Amino acid sequence: ADTIKVGVLHSLSGTMAISETTLKDTVLMAIEEINAKGGVMGKKLEPVVVDPASNWPLFAEKTKQLLGQDKVAVIFGCWTSVSRKSVLPVVEEMNGLLFYPVQYEGEELSKNVFYTGAAPNQQAIPAVDYLMSKAGGGAKRWVLLGTDYVYPRTTNKILRAYLKSKGVADKDIDEKYTPFGHSDYQTIVADVKKFSQGGKTAVVSTINGDSNVPFYKELGNAGLKAKDVPVVAFSVGEEELRGVDTKPLVGHLAAWNYFMSIKSPANTEFIKKWSAYAKAKKLPGSDKPLTNDPMEATYIGINMWKQAVEKAKSTDTDKVIAAMAGQTFNAPSGIVSKMDEKNHHLHKSVFIGEIKADGQFNVVWKTPGPVKAKPWSPYIEGNDKKPDEPVKGTSVATTK
Amino acid sequence: MTTNAPMIPAVLLPAKGPLLTRAGWSTFMMALIAVCAVAPMLNLWVPEGSLFHMSTYAVALLGKIMCYAICALAMDLIWGYTGILSLGHGVFFALGGYVMGMYLMRQIGHDGNYKSDLPDFMVFLDWKTLPWHWTFSDSFIATLFLIVLVPGVVAFVFGYFAFRSRIKGVYFSIITQAMTFAAMLLFFRNETGFGGNNGFTDFKRILNIPLATPSMRMTLFVITGLTLLGFFLFAKWLVSSKFGRVLQAIRDAETRVMFSGYNPLGYKLTIWVISAVMCGVAGALYVPQVGIINPGEMSPASSIEIAIWAAVGGRASLIGPIVGAFIVNGAKSWLTVAYPEFWLYFLGALFIGVTLFLPDGVVGLVKKFRKGSEK
Amino acid sequence: MLFRHLLLIATLFIASRAYALSPEEVKGMAIGETEARVEVLNKAAANADEKTMAFIQALSDDAVKTRGDKVYVVKGDKAFDPVTGAETPLPADAEDVINPNLMRSELDNALAALKLFSKDEKVRRDAIKTLGSDNDEARLPLIEKAYAAETVPQLKSQLELMRAAILLGSSDKAKRLEAAAQLSASKNPTTKTVLLERLATETDADVKVALQAALSKVDASLAWGDKLGAIFSGISLGSILLLVALGLAITYGLMGVINMAHGELMMIGAYATYVVQGLFQKYLPAAFDWYLLAAVPVAFMASALMGAVLERSVIRFLYGRPLETLLATWGISLMLQQLVRSIFGAQNVGVENPVWMSGGVQVLGNLSLPYNRLVIIAFAAAVLLGVAWLISRTRLGLFVRGVTQNRPIASCMGVNTARIDTYAFALGSGIAGLAGCALSQVGNVGPDLGQGYIVDSFMVVVLGGVGQLAGTVYAALGLGILNKFLEGWTGAVLAKIAVLVFIIIFIQKRPQGIFAMKGRSAEA
Amino acid sequence: MLNVKNINQYYGGSHILRDVSLDAYPGKVTVLLGRNGVGKTTLLKSLMGLIPIKTGSIDFNGKQIQGSTPYERARAGIGFVPQGREIFARLTVEENLRMGLAYKRAGTPIPAELYELFPVLKQMLNRRGGDLSGGQQQQLAIARALAAKPRLLILDEPTEGIQPSIIKDIGKVVRMLADRGDMAILLVEQYYDFAQELADDYLVMERGEFIARGQGKDMEANGVRQLVAI
Amino acid sequence: MTPDLLEQGARRIEEHMALLAAGGGNAGSGGRHASTGRVVESGEVDVTHGRILYLDDVSVSFDGFKAINKLSLDIAPGELRCIIGPNGAGKTTMMDIITGKTRPDEGTVFFGSTIDLLRYKEAEIAQLGIGRKFQKPTVFEQLTVFENLELALKTNKGVKSSMFFRLDSQQSDRLAEILVTIHLAGSVGRMAGNLSHGQKQWLEIGMLLMQDPKLLLLDEPVAGMTDEETARTAELFLTLKGKHSLMVVEHDMSFIKTISEIVTVLCDGSVLAQGTLDEVQADERVIEVYLGR
């Protein structure tokens, strides 16, 4: 036909809209850019945007619709691991293609998914290493604080195992979960304060979504300073800090594979494009356009998909999957990001940033170069035997 | 008690009508045929690409909406006819769904991510054995019983205490909301043992037959349709019996009902449990078709939505809530695609419009038209 | 000002052995790995001269840039060489020096140590606070000197504790014992940390016993703070619940509108606050700290206006059909959410605490009460008094109650019911707006703001007894405190579940809420 | 004072009032009689504006008020004692009376004579209206209507549920109010003896129409008692 | 038997003896000590003591206000008892107590000599055979006149039997008959909510008739009725008398006059006077507080 349909599956309403809306716009921006350059194989891309409304079952339903009804060639979407998990069976059954742009807990490797966000070893482990180091403050006690769902649970399970391997005792690890949307962190912050009396403490926050704002506000007002108890977050980026007064938070940390403050020609270009796009489309918040890690991952994803389609000369799922292996892209984070030949994850550099008063991040530590993803964390029992590539035929349709 | 007057003047008492009118029966039969014959044909035999082909997506969507319609029907019994607004029916739906979901999880066997005996989420929680409440989850027969039993017993216990204490009106509504909210939080906790926020997904088989095949999907679709139609007849029979009229009397003047010698507790409790069980069954049918169940179904908003389906279609009319479920969910499915950024305006306007202009719901409008044309 | 002051002390104190700030030191402090920088810093600080002090201060103020291995101190739009003090042109591609936490805290400590000798008592107090539990042995002479010089008893005892904390690491057993004894008087949580750390490495049995004794004393005095803290956070949560419920107590409690859009009316108040903040930032940056005072009436008016519009266009057709109001207001809430999404975007917007609401007051060593929460408690009390007065003491209140009970008859008494309805709904909405304004100071401001509170607010109103303002107050505070006590014990989720179950059971005992209306009037 | 012409009123499809016309004069008590369900209450509600009339006109003191809202009519000086008391159940007795003064200036005191007339109200000032006994409520309803000193007083079966001695008092009050000469009174009553005693004029309604009217003193002679029987 | 029951029984026997001793012998069951050791069929009201309703020393107060004050009163089977008394005397409250709507603070309420009404709930009391008409007419507004009456019909009121209930021809006849009695035959299919005030009064009486109770409590049944209808109501009550016991509260003296044998005057929560209408009408106190001069 004359166009290639591309599915965009991000929540535009509900709790996750906060984070996901910009990803939808990032996809649309990239599509506009690609179309302006002549499209893919001479065909224009046609975005099909749907709103799964932060409702996990609706994610599955909308996926069925995108693949079955609209026959999209590829879907860019999901933020939370929950949503990905509910989409996964559909994508596998209908042999679709999903690009997932957010850091996650690993423990998954589907032939039909490309993971352009970080695996635990590309984010969580280095962050903890840093906090343990002298430069990071030499933390001895750990509060693992997260939203109660699969990503924080699994990440913390990995971290606990990792910390143990580094000689941290169980009593020095406090694991705490709050539900999605939790908004009153008085008690938690008081507990952290109390816990920190027992020795140099760091907090690893895997709080996702809305809750971050009240958490950080409480942190700031309760006078828990970064130099006393640093908090490193894995799901807090520039966008999430938009809603927070960052002055009391200076020095708290985040670990990502991209920060807006990174200086590289590709990033300057990226920010410029985004600002221009946001202004042109009058997107909300365009007076202060922000970029963040999942946006970068989205951007890399769609561009690599384009390259792969052109290489495969087809949008056929299996052909594109084959062509994705080893694709490279000049990423805004300043490296040449490569899709692993086998495991469907990107090679990424890891950055640790400290919050600045203006809501941006100072990069205080980074890996010397890109790190290969280990979706099967070695700190989880039995993972050593798992192959580092999707196993064919996990989906039911093909087993029986 | 007889008065002395021997002559009893001829008073025309209204005769008890049939369960459905003739037109009602024929519509019912048409629905039956549509569900059992037409839909399977269009989906399975008409080739894809044909104008008349019914897509898999459509089957899934309609199947889902039929489950919702059962909930709306259940809501109508308790709200429309008995005047008790439950803002917690989502709990019963979810409980039915979870019972079914547990069975489906067990059916995954070793095909999960971790290739373990246990469901995946138990693996990441480091659990080694199945918790007690999973005991019967591997038996399909037990599952069928539990689908009825679990929502039924929960509803019975909750209802018994609430109705016994004469909790009424908004007080009842609000504590049902508290109930569903508490249940949601409980199920959100991973430690509770129901998969936390993720809930259950990635189902593979039912009765060892793969779920993701067109014929299986169609089978579930047909079963759901038959259940809906069956519940409709059952509800119709209930409300046209004296039992149904007592319910309406409770709605209008509960004290009068008591002083007439009826104990409202039994009546309320009966209809409450029936309504809950219907929701539970709907939930159980929903899960294999939609492929996921999570505590979101217990959120207060989900329960409110059930009430909204009933209201949009028209309360106290049985067919109304079914129509309402189709209209609201159909509109939602269509609008989220057609106007992803604006659909909430349309949906919100629909709710406002219905309340302002159609106090008896969409069905009320149809009735009005019909009356108008008869004149 | 402070800077100059500081230089003065520095010169006074270290005048005898002035070292010059060397280019190596400058480079060492500004460039390289954090740990190495810290080392250079500590060396330089120990022998600081004027220039070193100035440079450390500049580093701490993030006023240092580098290019290659050239270091510049930036003041305004000029740059200077830190060693010579000469003005030099700043290259365009000079980079900021980044101070990670470690570096930052060392810089602060270095500066604070010098400020211990300030003439200004407040500066000294702050310096002591900054140094806190820093038990770096190298600082011992400095502390002892400051201790000797200190005249204010309170500060002196704090310095003593600081000295003790350092001496705890002394190789002299007697000193350690004495230090332990001194520390047992501390009410400071950091003392506990120090004691624990020492306890982990201590080998001497006597000292261990002394440490244990000190530890349990410190623990005991900290326990108080914990308890009071829990009560405070309970009251604070209660005040928020009260605020979110008060408006609903009018629109729902009195008027009988099951107002599902109540949360969205709060959201409007919060966004109004955001807009006012933005206007102040743009047009009145000098008065920015007082934007909240302007935001309060604006938030009230914005929500009240929206409430009035809703009442006129939708609600007034639904009186006497309470369950229909549920449906319509649900629709309204969806539309309002989408409306702010369209205008302000789906993301949260940032609302800052004004300076006077940031931070908190330290009541006990481990109990600091955040200003924003204190202000909200006071605000909730004020709103409560206002509402109570309006409802029970004014004619408007009387009419509102009359109209909501029997609209047609109130009309026959000569009350313009339509207008009263509008006023009443607008009032309830306006109070929701006030709640939103308050919430913007503690939580998220986003399109979903309202959704998070709607269940709670209904719970409070119903638990208190519909139409009973006093009940609302008891319910809000009761639930707040109960919740926080349970939370400390079971964690947030189980506490919340327990509270919900409590509500369910409580309603069994009192099917019409705490302040049930008794007798016949309740049925009428 | 009040001049009603050809009012028609419907509930849904059924025609309740058919071309009803009547007049009421200051200083006079006009009594309206009729069996259950003939439309008396409907007529009074129409006069009060609680249900808008389909056709016809209502002239009050030279002003056409058929289009006005109930509160405008109340402000024009019409006081209403509805059937079934319609007390504000959750307001105290005092507040109920203050509601009766709603359109007066703030601070207008409750006329002391009300308490003389209904002493029980004085005792129960702070009790909630809904807690009163049926008869007490009825007394309150009358007092509430009188509080603002209306120029036309409309009473719908005011003696229902009231003890005999107070009925007598109410009779005296109505008479007294009428005799002052500035108030017109329109009274719907089933209690025939009471009605006859008070009536200056009478009207008998049957199926939404007046089938008889005349002067109070002629009631017995005109066989009104039989008319309201079956 | 629970101890308190035993104690109550003992007390009642004592009282009974005292009564006998005082010569009021015929207030009991003819001098036989019948209340002990006799088998009573469940659900049957035992009226062998000659009393179908028996209130003793009942008090209730609301927020300190004594609405009923040591009230003692009894009614014989088949009696038509009229109760009058000033507004606020406690007449409605007394009915509330008998029907289980209000719990008294103290005192005993017996239906027959064996049924302690304080132990039952509203619905059970209704099933025992006490029917009530409220002061403010209450009917099922959203149901038709027919359905209102059908629901009131005396049958098994359990859930299951309701589901499978069908009106048999005898019941239909009775329903039709009552419809005529209450003048609503032409309105069988109308919604009760659309009836006028007086029509609702009648409908409620009709429902009471359908319920066929042993004891009828009627709170101002003729309020808002025309004189003609009042007279017919009186007629109706007189036909009911004998087979049923009635307690009628009214302020309409002419109505009372046509139906009454014994009139009880209630004031400030207790009995002020009792006797024939003429007797009480002559009583100065009654004139003072109730009738007026």
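Labels for the chains are A, B, C, D and E, by order of writing; each one numbers its residues from 1.
Quick note on the criterion: a residue touches a chain if its C-beta (ideal position, glycine included) is under 8 Å from a C-beta of that chain, and two chains touch if they have at least 3 such contacts.
Values in this document were obtained by computation on a predicted structure and should not be read as measured data.
Common neighbours of subunit C and subunit E under the contact definition above: B, D. Distances from each chain's CA mean to the overall CA mean are smallest for chain B.
When the C-beta contacts at D-E and at B-C are tallied, the pair with the greater total is B-C. Look at where the CA atoms of subunit B average out and do the same for subunit C: the two points lie 45 Å apart.
Distance from the subunit C centre to the subunit D centre is 62 Å, each centre being the mean of its Cα atoms.
Centre-to-centre spacing of subunit A and subunit C amounts to 29 Å, using the average Cα coordinate of each chain. Rounded to whole angstrom, the centroid-to-centroid distance between subunit A and subunit E, based on C-alpha atoms, equals 75 Å.
Subunit E has residues 62 in contact with two or more other chains. Residue positions of subunit D touching 2 or more other chains, listed in rising order: 131. Subunit B has residues 185, 188-189, 255, 341, 344 in contact with two or more other chains. Against subunit A, in their complex, subunit C makes its touches with residues 33-35, 96, 98, 100-102, 104-105, 108, 189-190, 192-193, 196-197, 222, 226, 229-230, 233, 236-237, 337-338, 341, 343-353, 358-360, 362, 366, 368, 370-373, 442-448, 452, 484, 487-488, 491-493. Every residue of subunit C that touches subunit D in the complex is listed here, in rising order: 395, 398-399, 401-402, 405-406, 408-418, 467, 517, 519-524. Listed in rising order, the residues of subunit D touching subunit E in the complex are 11, 35-37, 41, 83-84, 120, 127, 131-136, 138-139, 157, 160-169, 190-192, 225, 228-230. Within the complex formed with subunit B, the subunit C residues making contact are 258, 260, 314, 317-318, 321-328, 330-335, 337-339, 341-342, 451, 454-455, 458-459, 462, 466, 493-494, 496-497, 500-501, 503-504, 507-509, 511-513, 523.
Looking at the complex, you find that subunit E touches subunit D at residues 62, 65, 84-89, 91-92, 135-136, 194-199, 201-202, 220, 223-229, 251-253, 289-293.
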